[in-house]
Amino acid sequence: MSIFIDQQTRLVVQGITGRDGSFHARQMIAYGTTVVAGVTPGKGGQRFDDTVPVFDTVAEAVRETQANTAVIYVPAAVAASAIFEAADAGIPLIVCITEGIPVLDMTRVLPFVHERGARLIGPNCPGLISPGRSKVGIIPGNICRPGRVGVVSRSGTLTYEIIHQLSTQGWGQSTCIGIGGDPLIGTNFIQCLSGFQADAETDAIVMIGEIGGTDEQQAAEFVQQTVTKPVVGFIAGQTAPPGRRMGHAGAIISGSSGTAAEKMAAFARAGIAVMKRPADVVPLLRERM
Amino acid sequence: MNLHEYQARDILRQRGIPVPPGEVATTPDQVRAIATRFGDRVVVKAQVHAGGRGKAGGVKLAATPAEAAEHASKILGMTIKGLTVRHVLVTPAADIASESYLGIIVDRAAQRPVVMVSAAGGIDIEEVAARTPERIHRLAVDPRYGLLGHQALGLALTLYRDIAQARAAADIMQRLYAACYAIGASLIEINPLVTTRDGAVTALDAKIVIDDNELERHPEIAALRDSGAEAPSEVAARAAGLTFIKLDGTVGCCVNGAGLAMATMDLVKYYGGQPADFLDIGGRSNPQKVVSALKIITADPSVRAILFNIFGGITRCDDVANGIVQATREFRLTVPLVIRLTGTNEELAVKILTQAGFSALTDMDEAVKQSVAQAAA
Amino acid sequence: MSIFIDQQTRLVVQGITGRDGSFHARQMIAYGTTVVAGVTPGKGGQRFDDTVPVFDTVAEAVRETQANTAVIYVPAAVAASAIFEAADAGIPLIVCITEGIPVLDMTRVLPFVHERGARLIGPNCPGLISPGRSKVGIIPGNICRPGRVGVVSRSGTLTYEIIHQLSTQGWGQSTCIGIGGDPLIGTNFIQCLSGFQADAETDAIVMIGEIGGTDEQQAAEFVQQTVTKPVVGFIAGQTAPPGRRMGHAGAIISGSSGTAAEKMAAFARAGIAVMKRPADVVPLLRERM
Amino acid sequence: MNLHEYQARDILRQRGIPVPPGEVATTPDQVRAIATRFGDRVVVKAQVHAGGRGKAGGVKLAATPAEAAEHASKILGMTIKGLTVRHVLVTPAADIASESYLGIIVDRAAQRPVVMVSAAGGIDIEEVAARTPERIHRLAVDPRYGLLGHQALGLALTLYRDIAQARAAADIMQRLYAACYAIGASLIEINPLVTTRDGAVTALDAKIVIDDNELERHPEIAALRDSGAEAPSEVAARAAGLTFIKLDGTVGCCVNGAGLAMATMDLVKYYGGQPADFLDIGGRSNPQKVVSALKIITADPSVRAILFNIFGGITRCDDVANGIVQATREFRLTVPLVIRLTGTNEELAVKILTQAGFSALTDMDEAVKQSVAQAAA
């Protein structure tokens, strides 16, 4: 099985006629994802690649195609608007790939999405893939293998690196999720861990964090209390310089938290096997299984 | 993007927040003229994007215009945390009765803007926060409603018992909150927010950081950027669409994706080396970006070896390979290059590089080990 | 019994040191209402009439006195803010007497109040009274008598006229509620009717409407479907000139609805006894009981 | 408060909504000069707070400046629905390709602002709404989020197939929505919203009604009030803090509270009379208000009897009684007065009135019956 997406996923691609949207729509279709519609205002009535119907609005796309998942590839300036639109149209799962959305836009988007009971993954994320079943986003399908490891990550290419390590050494994945590297995101580690814990076809979890924020520490606590499956974790940024100081306010809000050392310690305390480098993932998984 | 104090003051003033008088100058003569006009003791303040100006000698009180000019001649051209002072702000010395702190920042845990105030304002506010957190009052604002009147007044009453002062401070808070959204600020701070002897509440010093992602929709704010106040390598990186932070090591790193870039730096350290930078070429690479990246990395004389670590997804490996080849045509590389490429169009990239006389690796650990060895050689 | 207020009501008076607030606070105390606190920013620590503690904020008042009901007498310019404050402090019943609050202020206040699960009565209303038990607002206590008729009205002085008719002819009231005459109000007829229907000590209901809007028509439908107690209704404005036209938009929104004739017809259809004049209230009640 | 079309146009223009050129004039000579400047056919439009200007002859097309001046000489001074035209707006005749309707109003049922659009714009929009309601598209806006981009575009796409025009219209809608809150409007309408032959979307005519309760916080809007364009009795009533609407009957009514005032008028009719006005002295009476009310009522020559109906609550009966006595000292009443008072300080009021030679009733029906009889006498 998989979490969030599967063969029932009926995808609408927002920005399907754009540079990124068209490229990745083709990749997703090629991978086997059921892409039922595209949206580009003003291009309603056309067909993408002579097959996928394009609509002016997500609401129309949902009405005509019963799309249940949206993926967003529109430019940053209008990406918040695209999320609002998808949520307003009743889409329950919205994956926003676009990077560069202003944080203040997200402060308004998130309550809107939550009020409508929708789940947002991202923004600024590679999306998710359930190998062999469905792919929503930009994770290269060819590096993934179907299997029983769940992968959740704040990163993009680093996730590919880890997936690559897993696949080439025979460890397939149930679902791989990039939750996004922005300060405000729709779905956090805990929600993904909880999905993997409940998923009968996931045996182990790989969790890839970064410096900044306290999401990993909270996730570690959740693992300790709730997750019974083996978890292997990585934190990028051990040698990163301390982030640009965000005035006094940044220091007051975050205190001393957010360093790689602190996060790795939280992982260790929670019983999560801590990788020192990406190549450690398979040996540690092997050890824990 | 950081704004200078004098720019931040202008923005606050335009939005109806009381700010004491002040003028910006770039020469001691201008400072003398301004001080003469103010006709009283003045403060001369260095305008640089760095904290701790006071402790570095960048803020001075002057009793006379001559003294102000003298201070200015020392402060202008001074280097604070690596940044050269090109502007000073001259303000009349304020007659301060109390100093408070007021800041707004988006809290990632709350997913909301948080307003923070403390009656213990001033330069030691972080220490106050660390030692006596109960002296900082915080309110996470629901952005659907904005900072409501009673919420602002509730915070203001923790600063001032006098209701007129509290109302004045509450008004400032609401204007400051609105300013955040209007100008796309990641952070706005007034520190100190002061009361003067005559009871007025005013913003003595202000700091504004703009979310870079907002600049496109706020051209008037983007125009305030003072590139002269930033490190040249960072200006060049921004112009090229790269994210670059200079570090102290010898292995110049060029990676696609922030997470992989950090993991690469970590691995350099793991194998005994020291990264010379953080450099993310981002998704959607094009060869020109790679050329720019190589120029920036090689401009650093400490760099002894350069490591490319590219995991192709949106980034196409052949784009990166072409960029490397193009760069070596434009200028001569004097340090060894270790290239690791895998993913999208990997085979094509290897062919391009091989034809140009480079070798390419596919394993990250191997590439990092080689680059560390080269830098140490 | 009574609806919304009773002897458990612990009242905080917002604007207690103002002209209207102080006058009516004294009236309410004299009537027997448990006034536990007042709020006037900047006067925290004082005592109103040497007895009622005054606080700077409603939050403090709630913390110190467990107030569970708020009544608002502050000027119109800050009245929306006062409602926000009461709701934010967790007050479950908020009665706003102030008239002249901009309608657009109310568009923002109402969702805030609803999100917090609070009930707002008003604004621009006389409040409510449960004769002999508690009075919150400005309805003159001396015209009311304890009894078993529930009164709900959009009007102020017209309500007094009807209460006067009832009391002087021996028909006491369980609760009298003025819901307010503004276009946007927190509690409508239906919510009050539903309260009276459920109240074991209310035997009959008097409902006083006005021209404008469709609240009375909806209430009539509710009566027909749900209310088993006798209902007597009045609509003021049979001879009123058609309201100032609010552009085309007003006509489009309201169509032909909102006239007294239409509302009286809706009452009649729903089995509500329709008064032709205030003096008809007692004869009609007598007929229906 | 109603704004004139030319005032509404100014507000829209300031808020970035495209409005065709146009100038306001008060004399035919000014109109001639403006028309000469525009150098093409112009439209001369009466500026009055009344609908149906066109049908009343208040909107005229002129081919030449001379013709424009001639039209203006007829329109200026013209009376439309009782209101005298003092200003005309002169605009170049637009080359219109399509006419749409766009309006925003607060819907009391939805408790939200509602944006309404129709591709069938123009003067017959109400008929369109009544006969073919499906041609009006409505959206209730959640004021916590405002009118979102996709919502505006969705509405705009019902007006225009062309995406550039739809985006232009969506932008206008978002600006119009923001304008509502910024200026405190109860209603803003653009009718027609037109596309010109060159494809531009522009607001040809605009109507704005301001919520009177917002005027205190928007002095710049309050300053736009044109008292010359309103009935003198209403200007006087507003100045005195009264709500007054003139009607056609003979019984002048003076009541406290809008609901009781309406019920009183209804009862006048019930007993065979006709109310001469709706007049609400509001809560918090003071004697001076009563004096003003009596002045306004007695200024109407149709009034044959005056009825006071006061139920004292906040309004004190003695205040009203004092006002009546004071008024009769200031000017002589030529019509009979019937006074009903009950409630707060009723006894005191009766005493004051009795001493001044008036009698007072306590029963509403009795008072109304007497006033109707007096008016008929």
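Which chain is which? They are A, B, C and D, in the order written, and residues in each are numbered from 1.
Rule of thumb we're sticking to: contacts are C-beta pairs under 8 Å (C-beta built on N, C-alpha and C of every residue); 3 or more make two chains touch, one makes a residue touch a chain.
This one's a predicted model, so the numbers in the text were calculated from it and none came from an experiment.
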| item | value |
| --- | --- |
| Which of C-D and B-C has more C-beta contact pairs | C-D |
| Separation of chain B from chain C, taking each centre as the mean of its C-alpha atoms, in whole Å | 55 |
| Where chain B and chain D are represented by their mean Cα positions, the distance between them in whole Å | 54 |
| Centre-of-Cα separation between chain D and chain C, whole angstrom | 28 |
| Where chain A touches two or more other chains at once, by residue number | 108 |
| Chain D: positions in contact with at least two other chains | 144-145 |
| Chain-level touch network, classified as line, ring, star, complete or other | other |
| Touch relationships between chains, expressed as pairs | A-B, A-D, B-C, B-D, C-D |
| Chain B - residues contacting chain D, complex | 144-145 |
| Residues of chain D that touch chain A when the two form their complex | 145, 148-151, 153-154, 157, 162-163, 166-167 |
| Contact set on chain A toward chain D in their complex | 41-44, 56-59, 78, 81-82, 84-85, 88, 108, 112 |
| Footprint of chain C on chain D - complex, ascending | 51, 101, 103-109, 111-114, 116, 125-126, 129-130, 136, 142-144, 180-181, 184, 186-187, 189, 191, 207, 209, 211, 213-214, 216-217, 245, 247, 255-260, 262-263, 265-270, 275, 278, 283-284, 311-315, 342-344, 364-365 |
| Chain B-touching residues of chain A, taken from the complex the two chains share | 20, 76-77, 99-104, 106-108, 110-111, 126, 138-140, 143, 153-161, 164, 181, 183-184, 208, 210-211, 213-215, 234, 236-241, 245-253, 255, 260, 276-279 |
